[in-house]
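Paired with subunit B in one complex and with subunit C in the other, subunit A is shared by the two complexes that follow.
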Partner chain A sequence: MERIDLKKLDPEFKHRVAGELGGEHIKKCFACGICSARCPIEKIEPEYNPRKIIRMILLGLEDELLKEEFLWHCSTCYTCQESCPQRVNFTEVIFALRNLAVRKGLAPAGMAAAQNLLSQQGRMYEVGDFENEKRQEMGLPKIKGNPEDYQKLLKK
Partner chain B sequence: MMTLSEVQKIPKVLIFGNGPTAQETAGQLLDLGYEIIEINPAEDFSQDISCPATGSSPVQDYMEKWGTLANNPRYVLFNQTALQTIEGFAGEFQVRLKRDQKEWIETVGAIVLAPELISTGRFEDYALTPSNQIMTLEELNAAVCSSGEGIEGKAEKETRLKGLTPQTYVAFLVGLKAEGNVLDMARTLSLAQELGRKYQSQICVFCRNVKVAEEGLERLYQACRDEGVLFFKFDDEGPEIIRSGERVILHFTDMVLSQPFELVPDLLVLDSVHSLSEKLQGLAVSARINTDGNGLLQPANVHLLPQASNRAGIFLAGPGKGPLLPRTGLEEAKAAALMVHHFFQGETLENQQREVTVDKGLCTICLTCLRFCPHQAIGWSHRIFIHPLACQRCGICASECPMDAIQIAGYADLEVESKLTRFRQKWQEVETTQPKVVIFGCQRSAGVAWEEVQRSTFNVKGHLDFISLPCAGKLDPDYVLKVLAMGADGVVVLACPEENCKSIYGNTYAHGRFEEIRDYVEETGFDPRRIRFEYLSSNMVWKLKEIMEEWMEELGGMINQQSAA
Partner chain C sequence: MNYAFFLGCTVPVRNLNYELSARLVAETLGLELVDLEDFQCCGFPLKSVHFFDSLVIAARNLALAEKAGLPVCTLCSACGGSLSEANHLLRHNAELRSQINERLKEVGLEYTGTGEVKHFIRILYEDLGLDRIKEKITRPLSGFTFAPHYGCHFIKPAEAAGGIDPVEDPKSLSELIEVTGAKALKYNTMLNCCGGSVLGAKEDLANTLAGQKLGEVNQLGANGLIMICPFCNVMYEGQQKKVEKKLEQKLKVPVLYYPQLLGLALGAGPEQLGFKLNRVKDKDFLKQFEKED
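Here is the complex of A and B:
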């Protein structure tokens, strides 16, 4: 691994994360590692390591962190949050990081597509004829989209 | 022999020290009604500069307190005075003092050693020399803390700090080259917080363990993290320090990310070495008390209460034992005063009721006992004298005495022998296929474990007897040989774990003696596997059971093989 000059990193990043909704307690962490030890995602994907993510925030590795796709792999099981002795609320830190990533345009492509659908249709899946046929076979009523209503809500 | 009730206790206390701990001890003891002689080895008083986290008072407070003490008719102070020797025993010590060329003796009942330590920057360990970029914790403390009036160079140090900005980095190196302590950590945390608040610089602390075992430090540690201080913790010696001309460069690997980093700090702060001043280096030798590996005034032995030395009547208070927060030093002063008071009030341990006798007919005044006594409790004139208050009844002298002239009631040679004779009678009455074993154990460790085992269920294939000794150091080679001669199949000797003997080195002597015994045993034709030595603490009941169950079974196998052969 290449040696990083600590001064080139941004010491303000941790304060910015602390200013985000959900990231308030990020600096309480003392790296005990319980979060990583209990994280189910870390078991199958060792690169996703909550303790290391927190450390990257504290040291200021902003760009390296926000571009990582694994930020979107958190299953939000909340095990880390329940286990943390310092109440860092790591699941909510993930939410804060995701928001920061999106603002920088760093969300995965699939997220952008899903976001589009959601904002236009009000649903994650478009409801079309195929879906309504299936519903009829099962004795369920048809569904109409009403995307305009949803867009009105969003505009509020 | 003098009895306990005959021991005279002179209600005068000598306090040795050059700072607030000694001063507090004096004040407390004066309030309790004692006469105080205070000895200050230096000409002025060591002062800790006020700083919120370390809780020390400004110089004025000290000077005022001295004034109050000086007015008390029961108090006398000798400045620039050295302590040469401490002769005598608890209750009546003769302390030889020296000032200028004059020497004299003060006779006191108890002594409190309460020196302060001097702190110097740890340049040598980090292979650094002072420069503009580097400060010690003490220098930084003086520059930052507001009540350091009159400190030379304070203005100069403040100028060095003016270079700090929100873009600059300050690095603290603490507890990396030697085990850390709360004093350096408290100073580091409060200074890190102060610098961060004042200059908004990024502060980085490089340490091994964060020592927060004092009131308020855990909270301060959290506050530092909340305010953005970065902590880099290491399992090893920490950053590699590289000098490049005037600059110092730190290379280190973050232990959480396993990522190598580089930092050129704008200000580097080094932790300190705390030691007794040169004048005081010989204090422990003069007082004939044991020290730890660093020459500080108390070995790291769990049996020594914080204020106790290995010599009855000599008490310790303050950082002389190791760096402390100043407010802890003051607490220790109060504790020491209380211990002195209890000492004078006549509180003694139960085992000190046991009589210790020296047979004048057998004693040749070889002084072996005097040399071996870990408590300095033996003196001599025309005959050997064991002081009943200083003696802790460990029995090391009794076992070392070449003439067996010393006996301790309850553990006398004849008493042990009569126990062994009873065992022999018992063994003669039982069938012999199962092994007969005698355990000699220190009452503090093995004795306690033995009682615990008696209360539980255990499965022993043989006959097991326990002989309690006041200390494993009381073990006489004769005992082991006699036991084997009387028909025992095996002997076990149990001593307290290393560095945890109440008699300091009783367990070490026991082990050494055991090795000698093994040679004798082999010479006499016994299988040396029949004797066993173990270090065992009072809560290692599992180990005692293991010996009793597994080893006894092996032993049974051994003797049956030998008798079959």
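Here is the complex of A and C:
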């Protein structure tokens, strides 16, 4: 990482993260580092570093952080969250950061694909005649569903 | 014991063996799984994109189950996690609950927080219990060994999952394996994450994670790795060939769903339990359960 330019820090960023669903407890971190010590992703990919991500939030390095692809490399295993003595809920913080990145247009391409699928068909995988025939062959009931609800609830 | 059967997106399209065996096991054990036509995606895939909308979707499904007066039974751990988490958050946050209910008015539903969410495995373990399952075992699987894979969202976050197992030392699935007469392995990578939710963002990273467990179980030589989530199955069964290439090592880790294993011990045959859809199987093991007639 480059040298930090103190003038570019945004002290409001941590408050914005804390205002997001899942980000509420970010300011409780006392930097013990157990999140990083136990993270299975950091062991494979050291650039993904929960403790460092928290410091970036608290320092106010918003754009530098939100554009990072590694935000999408958390496997949401909740190991950090369950180990944290301060109940920072770091796995949920990752979701909050991803939400912020999406809103700023900084998420990698394709990450928002689920939104389109769900707002159209209410499912990640389509269930058409072909799928239902296969189900019937195995003695399983037909899937009907209600995509209209999802179209109404997720319309933009 | 009746439940609203929540299939989610993946199971009813890609994991018919899991659904088929769960339905058969439920019937044999006297659990009634009621299909609610309107159930669709749990909301989990939206959480990274729009957390609030994912809660709206989860609450919609919870409201449908409340209306039917039934606790929810899920097969997928991500669905179970997403619905439990929404239930937990909305029960404890009145302001959020009213915002969500404002949205649900559009589809004529209201979430009240009176429903329960349980993974199928949890229903077997807690609602039915090991003793009652044991009574129905007609063909004990003695002499065989299986490696339980708990996965993450089945037990974590503990606050929302309701504490079926201590997160660092879970036992439910191991005991459910042992009730069939088989031996449940305790192994180093037992609690590892499958990597499934990184597959879309960085496949190589996901395969590395999956490879940690596949490598160990392969070496230990179990008769199978036991799944309770279709997402984990994608990694351990669907990606096994790619993981093999990555590790530069031949792998042969049969992967099966827990209800398939229990079904065999309850007297059903591999055909009835959908084993023809399992991609990596232990044929010698299965041969012993073919109908002899």
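In this text, the second predicted complex is superposed on the first by the 143 of 156 C-alpha atoms of A that agree within 3 Å, B and C clash if a C-alpha of one lies under 4 Å from a C-alpha of the other, contacts with A are read in each partner's own complex, and residues count from 1 in each chain.
Throughout what follows, contacts are C-beta pairs under 8 Å (C-beta built on N, C-alpha and C of every residue); 3 or more make two chains touch, one makes a residue touch a chain.
Everything quoted here is computed from the prediction, not taken from an experiment.
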item	value
Simultaneous placement of subunit C and subunit B on subunit A, clash or fit	fit
Touched partner set for A:Phe30, first subunit B, second subunit C, both or neither	first
First, second, both or neither for A:Met56, with subunit B first and subunit C second	first
Greater residue coverage of subunit A in the superposed arrangement, subunit B or subunit C	C
Superposed arrangement (fit on chain A Cα atoms) - minimum subunit B/subunit C Cα distance in Å	22
Subunit B residues within the subunit A interface of the complex	169, 202, 204, 222, 225-226, 228, 230-231, 233, 251, 254, 256-264
Subunit A-facing residues of subunit C, complex	7, 9-10, 12-14, 16, 19-20, 23, 35, 37-41, 45-53, 55-57, 60, 103-104, 106-107, 152-153, 156-158, 167-168, 192-198, 200-202, 205-206, 208-209, 274
Parts of subunit A lying in touch with subunit C, wherever the complex brings them together	20-22, 40-41, 44-45, 69, 72-79, 81-82, 89, 91, 95-96, 98-99, 102, 107-108, 110-112, 114-115, 117-118, 122-127, 131, 134-135, 138-141, 143-147, 149-150, 152-154
Residues on subunit A engaged by subunit B in the complex (per definition of touch)	1-7, 11, 14-15, 27-31, 51-52, 55-56, 58-59
